[in-house]
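Two complexes, one shared chain (subunit A), two partners (subunit B, subunit C).
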Partner chain A sequence: MDIYLYVEADTPLHRLDPRAKMLMLLALLLMAVAVDHPVLPGGLFLLVLVLAHVGRAWRSLRRVRTLLFIIGVFSTVTWSLFARGETPLFGPVQVEALLYGIGTGFKLVSTIAGSVVFLATTKNEEIATGLIRIGVPYPVAFAFSTALRLVPTFVGAGVTIIQAQKSRGLDVESGGFFQRLRKHLPLMVPVFAAAIRSTNQLAMALEAKGFGARPVRTYYLHLEFRPADWITAATGAALVVTALYLRLFSDALRIPGLIR
Partner chain B sequence: MERADLTEAAQLASVDGNWAIKADGVSFTYSGAGRKALDGLNLAIRAGEFTVIAGASGAGKSTFCYCCNGLIPHFVRGQLDGDVRVFGRSTGSSKINQLAQDVGLVFQDFEAQLFSTNVELEVAFGPENFALPREEIRRRVRESLATVGLTGLERREPATLSGGQKQRLAIASVLAMEPRVIVMDEPTTDLDPVGKEGVFRVARQLRERAEFTMVVAEHETEEAIGADRVVVLDGGRIVADGSPRAVLARADWLEELGVQPLGAAQVLARLGEPVALTVEEAAARLADRGYRIDPASAARQDAAEAARAAGYGEVVLEARDLAYTYPNGVAALSGANLSVRRGEFVAVVGQNGSGKTTLVKHFNGLLAPTAGEVTVLGRPTTGQSVLQLGRSVGYVFQNPDHQIFAETVFDEVAFGPRNHGVPPGEVKERVAEALAAVGLAGRDREDPFAMTKGERQRVAVASVLATRPHVIVLDEPTTGLDYREQRRMMDLVRRLNEAGHTVIIVTHTMWVVAEYAHRTVVVKDGAIWLDGPTRAVMAREEELLAASLKPPQVVRLGNRLGRAFLSVAEAVRLLERPEAAGDAAPDDAAPGRAAGRGGRG
Partner chain C sequence: MKELLTMWRHTRMIILVALTAAVYAAVLIPFKAIPLIPGITEIRVAQIIPPVASLLFGPAAAWGTAIGNLIGDLFGTFGPGSFFGFIGNFFLGFIPYALWGRLGFLSSGQEPAMRNSRQVVEFVAVVLVSAVACAVIIAWGLEVLGLLPFAVLGNIITLNNFIFPAIVGPILLGLLYGRVKRWGLLWTQIMPAEDISTGRGTVGTGLAIVGSFGAYVLGNWISISGGALPFAAGFGQFGDPAVVGKASLVWALAPFMLALLLALFLCRPRTDLAASAERGMAA
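For the complex of A and B:
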């Protein structure tokens, strides 16, 4: 069963240097949270969809679509209810509050979808190498990429463990909160045991392949900033600045009359 | 260039009286363990030699492998005495990551040793650590992948490879460091027969390149035939050391040690004939000596099997046009039809990823059909919960460690019945009954985590038995167990079947299928490929091979002689020599045969 988000393909997004993509992702996150009006986060969400198309990341996005849908709807509804405005719409909801809710929904959805597109078009090793190139020490970058690598492994073990215990009659859905919590013990113990075992195996395999044998190591992945990367990075930097400006100094794209 | 220099150095070293690996009086006790895993081991391996280390679980095979590259004493905690030297360098005073350039270690668990997102980067990882130039790494990646036959898969994600390919990738990732010694710790344990062959083909190929010293730990011996030397360990000590012919010929003795013997060798030994190691050699020898299958015994056997088949009860499980597609779009089953009657003992076999596990997960409702229907005791599984179906169908998962969680064996086994709402008094009774059935009576206060893998597997079976299901499904019940444990496990399964349970096992261990299952169902590419009495299925070697399966030696030997033998004992029973009376030496065959049956060592 494949649970990785990365999709092997040769698209302009895949070819971009991971550092340029990381900067672009940062810009996306900042832009999304810069303003409350739904126009910008909504536009970003459309942009992410276009990028998903360019980067052939649909398969990975599809896998999180339920999550995106739930988060989008849930935050739109709750924030519409919690925020206050001036123009009544229906019941306790005002126009401003609804706009705010929609904006918050798009903020979350566009950042999650953007991260998924990033992971779908960037290999773990590229992320690690990119991090190293921007000055993160190798062990830290390696730990980060290994953590990304281990998540699917643990999820896979977790699925098997749930099936094994269900086969023995475990029913975690019924009962009160504490009862249900106690029922998770038969799941947690084997999951942790499996995690410890496979981490131990991994550590041995790393040692056996000479991990840390030389003070400097070679990076087989060759990263090179090409014109497209410079353009992307420059755009990303400009967007970061714009986002900061919008957030800190500008009143553009605010929702007039919104009371939080 | 560098290679040639190394080879010369290696040759010089061995002329010098030095060795590729030399263990002197090596003892090792894992911290917290009561006994020594290695006990005063003296073993010297010449440069360029291909050595197979055989032995049961706990004989010290893995421990020895870990000693070769310094994981012991640097990573694994415990008490090490004695000295291990690799090309004269003491492992105790060298770091593991430095030794990695001399000694490559391939682990048993191929899932855990791969961590990259594509094949190429996986292979590049070792050379990267030694700061080799990028061009050199590129060359090594190309050559290593070519050696293991994975050229063209550079961009694939390791997780999408088959088990055999994964293990070959692990070997390539070690080869790329160009070590002088390659140590493999039971590299084929979890592989289907054809995956195993692929790994051993690579091993043989490497062996032909004189510069490599190969050490392979195995508990199956068929692949050891091509080695230069076979060393048998027992209790951390060497109990045999010699050529494959000399060591593997002692088939019954190996079996007593818990090492799987060669079927062909065992048959000949028990018949009192000179030993042969391969099926062809054995078949030729038997033909030469005038052996044939006794038609009367064969007819009696056929009649007994027909009577058994006629005695099965009503249909308890049925799959009709069953199709299943995983949420990610992979079609695992397409139009499978299978019906199982009360009292049957069915083996569902197929290579890794063929869909066999997907098929049986429908029988207790873990999976619901995408199309088609599955019925249990006449009722469709759709609409019934796993809990409900669990009363009729018990499912034992492959790895006991995926379910064991309790502090005592009692609580572990009681888990199922308690979930089914059985009153405490009866739970006690059921646990005692289940533990007795698996041969663990009276051990209900023990900690399951402290038990051996074989025992933990039996605890897992007991925990399913305690819910008193009629049908018992076991997924890979023998994986990860050594030969002796496999036999104990399967004897237990056979007893359950004889006690009336309908048994379905999912496996690719073909000797287990031959010897225990009454009926064999072969799954290939999501459909039923072959389905019939085990003897009939085992006779169709070519079709089995097409499904990446290969019957064990004794079956193939029988097939050469015209009837699939399902076990060594059966072969010995069926073979006779009508012209033995007229033979030049009539006396030596008969007594040898009698003694062989008695289990002569």
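For the complex of A and C:
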């Protein structure tokens, strides 16, 4: 079972340094939340779709398309009711609140879609090495990358345990949602116990290979900033500054009359 | 606080961070398909894990829960809220072990082996504080970003964080505690005493409780009443009406967020309970 979003391909996005992509992702997040008007988040969503095309990330985006649709609709409806404005539209909804709701929907959808594109074009190893190179302490990055690798192992162990119990007659598929949930919960104990038991072996294996023996480490994966990475990073930095300017000093993309 | 930093010196603690994060994410991810607030939160059966892991692995669970939640987000809901999700989940894993044995009349004064009703009551109490702390941090953060109203998110996350762990957590912890202790993997067995902060931690405990419940009550009140705080009225008259409601909630809750931040530095976990239990058994 492949639960990862990464898509193996050789595209300009795949070739970018993970640090440059992280900066672009940060810029996307900041740009999305910088203004309330839906024009900018909507534009960002279109940009993400273009990037998904360039990075051949459609397969990963398709996996979350239902979720993205529900998020967009839910956010629009929620904020249309919670926010207030001056221009009545229908019932309790005002024009300004609806605009704000649509904008918030696009904010969430564009950032989630952007992160999916990032994960579809960046390997786990690149993320871990990228984190270390931007200053995250090695043990923290190690724990992060190890956890990322172990997730499919534990999901697989859970599936195996469920199948083993089913073969012994445990019925985990009948009944309502909460009944099925109650049947699944005891199956977490062996998964958790097996994981904890492996701690000592993992620790010994790591220490036998010199984990933490020297303060400075070398890495198999070498990251190097090339011209395309510099251009991407500079664009990302410029977008971060723009986002901060829009948020703090500009009224250009505010929604006049909106009260939250 | 000290143990949250010194734990990174111990290989076993680092492994426990990774294992907690991986198990947490592994249980979180399948339930992403059942969203409660799309893009923000879902039915989270995995919430059983943070308090149980916290009382077993201490600071490793705090980091593991935060990292595990981030990994869970990377599988479909990574967004602006993930930053506050990281901090909120950190508290979800931090508070249970930091407050165990510090809750006055609610405390059992025993190790969290879930052997009697007093331990279960204390477990439910620390789960409630951690659930509310996590919820108010995330709800406040998303209110700052203008993504979701506090009243919507704060209550759903609190219930989500509390119900499953309060019901099933004591059973899971009771099944695991003795085994983990036999394997020598309790955090107090791995970390030497000099790597753990010492003291009574009364102020830290008080700040954690006041910060959590104060923010929860005030946040709900402002969010539902539309930001009608007395001190916001003048701001509303002379300031930008677009930010009045938000500003009153964000600023009114800021002291409580500061209290939670200070609790991180001032809480002092009890490390004597497991040892006293061993002495009792030996006697």
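One rule holds in what follows: the second predicted complex is superposed on the first by the 192 of 260 C-alpha atoms of A that agree within 3 Å, B and C clash if a C-alpha of one lies under 4 Å from a C-alpha of the other, contacts with A are read in each partner's own complex, and residues count from 1 in each chain.
The criterion applied here is as follows: contacts are C-beta pairs under 8 Å (C-beta built on N, C-alpha and C of every residue); 3 or more make two chains touch, one makes a residue touch a chain.
Since the structure is predicted, the reported quantities are computational estimates derived from the model, not experimental observations.
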item: Subunit B versus subunit C as contact partner of A:Ala228, first or second or both or neither; value: neither
item: First (subunit B), second (subunit C), both or neither touched by A:Ile161; value: first
item: Subunit B versus subunit C as contact partner of A:Ile71, first or second or both or neither; value: second
item: Partner touching more residues of subunit A, whether subunit B or subunit C; value: C
item: Partner chain in contact with A:Val39 - subunit B first, subunit C second, else both or neither; value: neither
item: Touched partner set for A:Ala147, first subunit B, second subunit C, both or neither; value: second
item: Which of subunit B and subunit C A:Ile134 touches, first, second, both or neither; value: neither
item: Subunit B versus subunit C as contact partner of A:Gly169, first or second or both or neither; value: first
item: Partner chain in contact with A:Ala252 - subunit B first, subunit C second, else both or neither; value: neither
item: Partner chain(s) touched by A:Leu5 [first = subunit B, second = subunit C, both, neither]; value: second
item: Shared subunit A contacts, counted only where both subunit B and subunit C touch the same residue; value: 63, 146, 149, 153, 185, 188-189, 193, 197-198, 202-203, 206-207, 211-212
item: Subunit A to subunit B touching residues, read off their complex; value: 1-2, 4, 6, 8, 63, 123-125, 146, 149, 152-153, 157, 160-161, 163-171, 185-190, 193-194, 197-198, 201-214, 216-222
item: Subunit B - residues contacting subunit A, complex; value: 69, 71, 74-75, 95-98, 100-101, 104-105, 107, 109, 111-113, 115-118, 121, 124-134, 137-138, 155-157, 159-160, 173-174, 177, 326, 328, 330, 361, 364, 366, 386-387, 390, 394-395, 397, 399, 401-406, 415-416, 419-420, 449, 463-464, 467
item: List of subunit C residues in touch with subunit A within their complex; value: 8-9, 11-12, 14-19, 21-23, 25-27, 29-30, 32, 35, 37-40, 45, 48-49, 56, 63-64, 67-68, 70-71, 73-80, 145-149, 152, 168, 172, 175-176, 179-180, 183-185, 226-227, 241-246
item: For the subunit A and subunit C complex, residues of the former touching the latter; value: 3, 5, 29, 32-33, 36, 63-64, 67, 70-71, 73-75, 78-79, 82, 84, 104, 107-109, 111-112, 115-116, 119, 137, 139-140, 142-144, 146-151, 153-155, 158, 181, 184-185, 188-189, 191-193, 195-200, 202-203, 206-207, 211-212, 254-260
